[in-house]
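One structure, as structure tokens, below. Some questions next.
The letters A, B, C and D name the chains in turn, as written, and every chain counts its residues from 1.
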Amino acid sequence: MLDQLREHCGVFGVFGAPEAANLTYLGIHALQHRGQESAGIVASDGTLLRDHCAAGLVADVFDKPILASLKGESAIGHVRYSTAGGSHPRNAQPLIARGAEGSLAIAHNGNLVNAAQLRARLEKAGSLFQTDTDTESILHLIARSPNSDLLERIGDAVRQLQGSFSLLMLTEKMLIGVRDPLGLRPLVLGRVNESYALASETCALDLIEAEYLREIEPGEMVVIDQHGLRSLRPLGPARPARCIFELVYFARPDSLLFGRSVYQVRKESGRRLAKEHPAPADLVIPVPDSGSPAAVGYAEASGLPFDFGLIRGHYMGRTFIEPQHSIRHLGVKLKLSAVAPLLRGKRVAVVDDSIVRGTTSRKLVTMLRAAGAREVHLRISSPPTTWPCYLGIDTPTREELIASAHGVEEIARFVTADSLGYLSLDGLRQAAGGESGWCDACFSGRYPIEIPPSSESLRTGREDGSES
Amino acid sequence: MLDQLREHCGVFGVFGAPEAANLTYLGIHALQHRGQESAGIVASDGTLLRDHCAAGLVADVFDKPILASLKGESAIGHVRYSTAGGSHPRNAQPLIARGAEGSLAIAHNGNLVNAAQLRARLEKAGSLFQTDTDTESILHLIARSPNSDLLERIGDAVRQLQGSFSLLMLTEKMLIGVRDPLGLRPLVLGRVNESYALASETCALDLIEAEYLREIEPGEMVVIDQHGLRSLRPLGPARPARCIFELVYFARPDSLLFGRSVYQVRKESGRRLAKEHPAPADLVIPVPDSGSPAAVGYAEASGLPFDFGLIRGHYMGRTFIEPQHSIRHLGVKLKLSAVAPLLRGKRVAVVDDSIVRGTTSRKLVTMLRAAGAREVHLRISSPPTTWPCYLGIDTPTREELIASAHGVEEIARFVTADSLGYLSLDGLRQAAGGESGWCDACFSGRYPIEIPPSSESLRTGREDGSES
Amino acid sequence: MLDQLREHCGVFGVFGAPEAANLTYLGIHALQHRGQESAGIVASDGTLLRDHCAAGLVADVFDKPILASLKGESAIGHVRYSTAGGSHPRNAQPLIARGAEGSLAIAHNGNLVNAAQLRARLEKAGSLFQTDTDTESILHLIARSPNSDLLERIGDAVRQLQGSFSLLMLTEKMLIGVRDPLGLRPLVLGRVNESYALASETCALDLIEAEYLREIEPGEMVVIDQHGLRSLRPLGPARPARCIFELVYFARPDSLLFGRSVYQVRKESGRRLAKEHPAPADLVIPVPDSGSPAAVGYAEASGLPFDFGLIRGHYMGRTFIEPQHSIRHLGVKLKLSAVAPLLRGKRVAVVDDSIVRGTTSRKLVTMLRAAGAREVHLRISSPPTTWPCYLGIDTPTREELIASAHGVEEIARFVTADSLGYLSLDGLRQAAGGESGWCDACFSGRYPIEIPPSSESLRTGREDGSES
Amino acid sequence: MLDQLREHCGVFGVFGAPEAANLTYLGIHALQHRGQESAGIVASDGTLLRDHCAAGLVADVFDKPILASLKGESAIGHVRYSTAGGSHPRNAQPLIARGAEGSLAIAHNGNLVNAAQLRARLEKAGSLFQTDTDTESILHLIARSPNSDLLERIGDAVRQLQGSFSLLMLTEKMLIGVRDPLGLRPLVLGRVNESYALASETCALDLIEAEYLREIEPGEMVVIDQHGLRSLRPLGPARPARCIFELVYFARPDSLLFGRSVYQVRKESGRRLAKEHPAPADLVIPVPDSGSPAAVGYAEASGLPFDFGLIRGHYMGRTFIEPQHSIRHLGVKLKLSAVAPLLRGKRVAVVDDSIVRGTTSRKLVTMLRAAGAREVHLRISSPPTTWPCYLGIDTPTREELIASAHGVEEIARFVTADSLGYLSLDGLRQAAGGESGWCDACFSGRYPIEIPPSSESLRTGREDGSES
């Protein structure tokens, strides 16, 4: 509803730790920003996998008796966001395959671009699907591998996948983590006492007081069991293409991601933005909280005073009632309110992380003017978002992205700002700490792997999928 | 659980507006920070009062069918916080008295210090109480008044009350607002189209796009019906004593309160704090979000850079599961996390609004040091909190207030800060815009009315109540 | 919905027994037939009354944790049926008055005919009512009594009541039972080990393996405390008028009521009915289960074979979904189904306990004919129901009672029976074991006390209430 | 808990009828006695299958909005009972396989004796199972059939099944019914207006006012689509072996089953029982309601008077709370209560349908003596139950069946009856209307198909399964 891009998922796992389910609960709670639709945990006590998954926030899905029932010293967890069509409870993860020779649970952050092809091939061969997820195909591929060794079966399966995947798998005796060869989505390794933990972001390690060890490498598979940790390479080498948008918006600012401080990258983006696009303003304010680090950097580099002209509400809730006699911009006003006495008569530079459709920015600018701002100069700490993501982030179709068909001047007019400035792609790469190694397709249109037409048509809603 | 003071309640009412229940829903949603335990709305369609009250947040207590059932063009609403002993659902407000000659609903923000005496007298006379609230006594006093005119009956009742009360009352045909003679708790009047609205704070008017007209005066009673608005004076004149702590912490920063901008008062407190207690620091960070305006003022006045060294989580939830093998300071860590790359090796000035028991401050300082801060200088934008409140704010007993028995040096040692500075009471009054007219008993011990011993013993848990 | 008369309530109490709440749960479960809308229990542990009341069946309202929370060795419970208008949860019983000098819980089976007058008087004096029940007036009368002794206060109160009342009251230290001077509704005393129990019917005593001692006498008050049982007489003597309809339909057949076996009274009614109205039939079938005892008596006295031509469903549920394309008589068919192979070509005597509106009887006769019955002779084991009850039983208005305006011949035509016979009032009295001592106003119109016009208009829906 | 045998399931389906989901709701409601653990409906609107399944009774699982969401003119439904281990919600039926070429829903009454073998084979080939049901194997067999035509794929699948199965399947365009070659479980065909309906018993047809046409033949497959009804024979001919216990106990007495009136078969069993085992009694009473038809037959043939000495409670609930200070036989007493005034001093012949473990019979005899019966003569309208069922009925292990190791005299002593008589197997067959064509393995040990050792060990809990 709100005008934002959203991450698909977050994953967390731990092996060999007392109260594994409790730690996993905290781990996915710390990753809640990566998915708010459903949450699930599978735990192993060495002989049996027990699971609980349901729609809702982590704090609502689990309570003490449920966590107590998830016995054992190993567990994986998942939080999930999904598009409307796929929010059926049966799609909640982790998924479990239970067979005579043992069970395998799987939690997936990412998106397979050859999902439709894989599924068609498997269904033709007689596999029955219980969910609408691309993740389930991975389980079927493992089940149908001719190999007898589980790790080889997993290798067989993941070599058939195209797209982004940071996977956690749990059997009665093992925790396995796999990251796609491009390293599109993050996955980190930590240690808590004698145990290992795997997580999408370091903020999950921090909460449980685990020590951050390193990223799982693109293309790497780690296997953790009672003998310790082994690193395997079932997937051939590739040129990494880490998602730069994780740094711009998705990841939590207190996380280290891809070895970088998310907060510092964002603040540096703000500094560079001030150099590229100075503003004739009396003060700099963020769109809280996502624009805050860049706004601090912008204020610092520009020498303008930083202030809070927009206040973020603490009780937005997930749902609200709108009077029929409509209140203008109610959605935005429930989230943010303006501090009129501060803004009255001022020229304001407002810093936000990105513009998707432009509708929210337009409401914010209107709200600031209604509160008395004399001029509103909008500054965006990333380049124009012009291309949809097929690799794990929920974006609108290309048609809905305002920057795909409109220049900066036009967008400025649409959002009614006195001026508008975007950080350059080069500036963002510099702020992120390196020229190359990024997937920046949402800004550049250069996808690191070929996107099958079916994926495109999925996004555009057109049969031919010929949007480019 | 967390180490905070809490407001008891918030109230909102509207008369003569289509979709009154929907507007009231939004109004109390905007006042959610004043009470998170229960919420309730009573609506009138001119002949019948309909109500819905339940434990929980506004967004959880109400849904579309419930709001649709609350028919009519007038409504009052209430959000409530209460101490553990009194959180029984039957105490949810608004309360309703239904009689042969009509019904009267009442919503109360404040605390009566002669509640026990009133109740004892009424019970002896045969009144049956259904709740544990002091508010119910007001209904019984109205019911037993010998007068036949309702407004006179209300006058009879409120003249017997001692303490703080901002009251909203609703009958089938009238909306009534009353504020105690000291004006301890806020109450404002607004206009939305042809209708009047009453609210604890202006942020509730802003959300429904109502125009702010004025405060209800201390001791004033306003009566709104089909003929318009009348102002009555059932309560004699008194020297106002508005709660200064509303400005320090409780009220939303975007509200106008007692005619002042809450945000600007807090920022000015920060500025004065910087003058009174400069810090040898490399950067200024707030304890978000309540310390943010003062931190901006502090940075501005001190010339030190402002930054975000603590990140506030968006998904705290209301409940969490703590592993038995305890994680240190989990409660605080679920709420706030430190940005280590920013803090490493730095001398940090941390700005917060107040210290209650000191335990949270101690955890925060520890967390900042663990994240690498070299020195931590704690600055508090209000004076030491030394006395409990009996007038509508939930405070611990005097014994639990760290500043009641400890000097600033001792507190600094307890919270392990390198230095600690509190804003002076005079500084706070200046920031609030005036020398006098305040209740600042929590800082000064000078209560604007006599506190009966029973109220004190209630707080201290001692029979004699002789704590001073 | 179904065409039945319904009892208003059932009560149960126990004093001085371990697990008093569990015993009370079983007691009101055994009395479930006397009220299915709400259930409640109040327990005392000697110093505190704890309660749980909710809408629903006993087995749904209570679970193990709830019962475990109702601590103590004394408890009273209540099951309730109410008319649609009064089914608000706040009306669930037992009601509790909590005061400085202790608490008093009350559970009431019966109906006060001067309820409106009492309430008007109390409201005028400033009493606030929280429920729509006549029972609450009793609490207010007790609270306002000038006496200081509780038993005298109760005496003051009950002497002001007109109508039917079997009352149980519980304080922290006492269990009290009171029965109205006419003894309209039942109330029995039992002993379980060293403890006393009070119940509407003996079936509740049987379930908990209590020994039946005796009826509470009309006009008697029993007080049970740690010193044992005392019998008081706060109410003057009157000519008893026990409700004969309890024997005809309401009470459970395995109960002893008013000292008589309900089953044997019904079977004897069937025998007398066979003598008064023989039928030219091939077999006798009951309308199960309420018509079963009388049908056995009818078969026995007539010499005709007894059989089951109608089968009662075990899973009626409380609610069902009716297709828009209506199935005829779905409500009756969900409850009863006909055994066509048995009925085909037969002349059938069908025995039921009473006819209210006639609509259900009509559907049953139709169903029997559709199943192949050649002739249907309807026999009713009580006289025509011609007058509404104001004394504790839910009856339709006089207009809706088919027998109030139609003779037996007309009713037979309406229900499409080949013949119809009612037991005479004299026959019923003989079956019940005595000429006099009954309230049989529903058959005779001779009410044992004066019915105020307001009660009548309540039933008839007319202002003047002048139906007689 | 109670000492009864239980049916596994009931099925209902309808094709081409407006409000198909509503009719199916009524159909499975009428079959509620065949399964009380979970209920489910799948409906087709011609292009999409929609489903709702959940644990609980039909009336609790569905409500108006849910039924309204199950759009379309075709539907199948299922009620289920399962053993404790298998009551996980994911096992609720109907199951659905959704594939690229359409979906297939399946509802199953019966039990496959080669379920373990089928599942092992399918898992080895890479099929992933989502439930613990034998029914899911049927879906996998259909998915893996090399044929392209759905009906041939179904034929391939059902030819691999051994055991009992009355199956309903629904696709977007078709309703299919299949009955195993032995005809172990019932399945009937009806017509409602222009539509066809399939059901386990005729009572489901009666409730929706459908006309009964015929049984689906053993080994027959009927296919209903827009062109009408076709009968296929995918399964070779076999000697029918209909379950005689359906007639003794499971089926509703108002149903026609296997072309016979269940009620008349039971009554005739009672008549023959009276001849085989007369009793020196003063009256005949049934154990209601299952023993009622046989008791009427017994009374008729013996010339003894029939009466109700045991009353069945109407509000048993599904769960109850037992006081720690145990009440003897509480479970039975919540279900049945004795009418002491009738039984006192009498010699009573009690008629029940069967004895499983003997514990309930023992409690009943004790209860009758406690109510005053002088002699208790127990008569059972079927032969001793000596062998477990592997073909769709939940029975205890052989060890738990009292008659498997004890003679009639011993059982009489155990249940403390003055005498005990069972109907002979020949007598039961005569009452059922024929010498042959029955599965009476529970009485005779002669199973109509070979039972694999794995099935037996499942029941007996022993590894070798060599119980015979």
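Note that in this section a contact is a pair of C-beta atoms (placed from the backbone, for glycine too) under 8 Å apart; a residue touches a chain by one contact, two chains touch by 3 or more.
Bear in mind the structure is a predicted one, so any value in this text is a computation, not a measurement.
Fewest steps needed to get from chain B to chain D, stepping only to touching chains, is 2. Of all chains, A has its CA centroid at the greatest distance from the CA centroid of chain C. Distance from the chain A centre to the chain D centre is 51 Å, each centre being the mean of its Cα atoms.
Centre-to-centre spacing of chain C and chain D amounts to 37 Å, using the average Cα coordinate of each chain.
Inter-chain centre distance (chain A to chain C, centres taken as mean C-alpha positions): 63 Å.
Shared contact sites, meaning residues of chain C that touch two or more other chains, are absent. Remark: chain B residues 97-101, 119-120, 123, 126-130, 139-140, 143-145 touch chain C in the complex. Looking at the complex, you find that chain C touches chain D at residues 18-19, 22-23, 25-26, 29, 32-33, 36, 57-60, 62-64, 67, 203, 206-209, 252-254, 256, 261, 263-264, 267, 289, 292-293, 296, 299-300, 305-308, 311-312, 314-315, 317-325, 327-328, 330, 333-334, 337-342.
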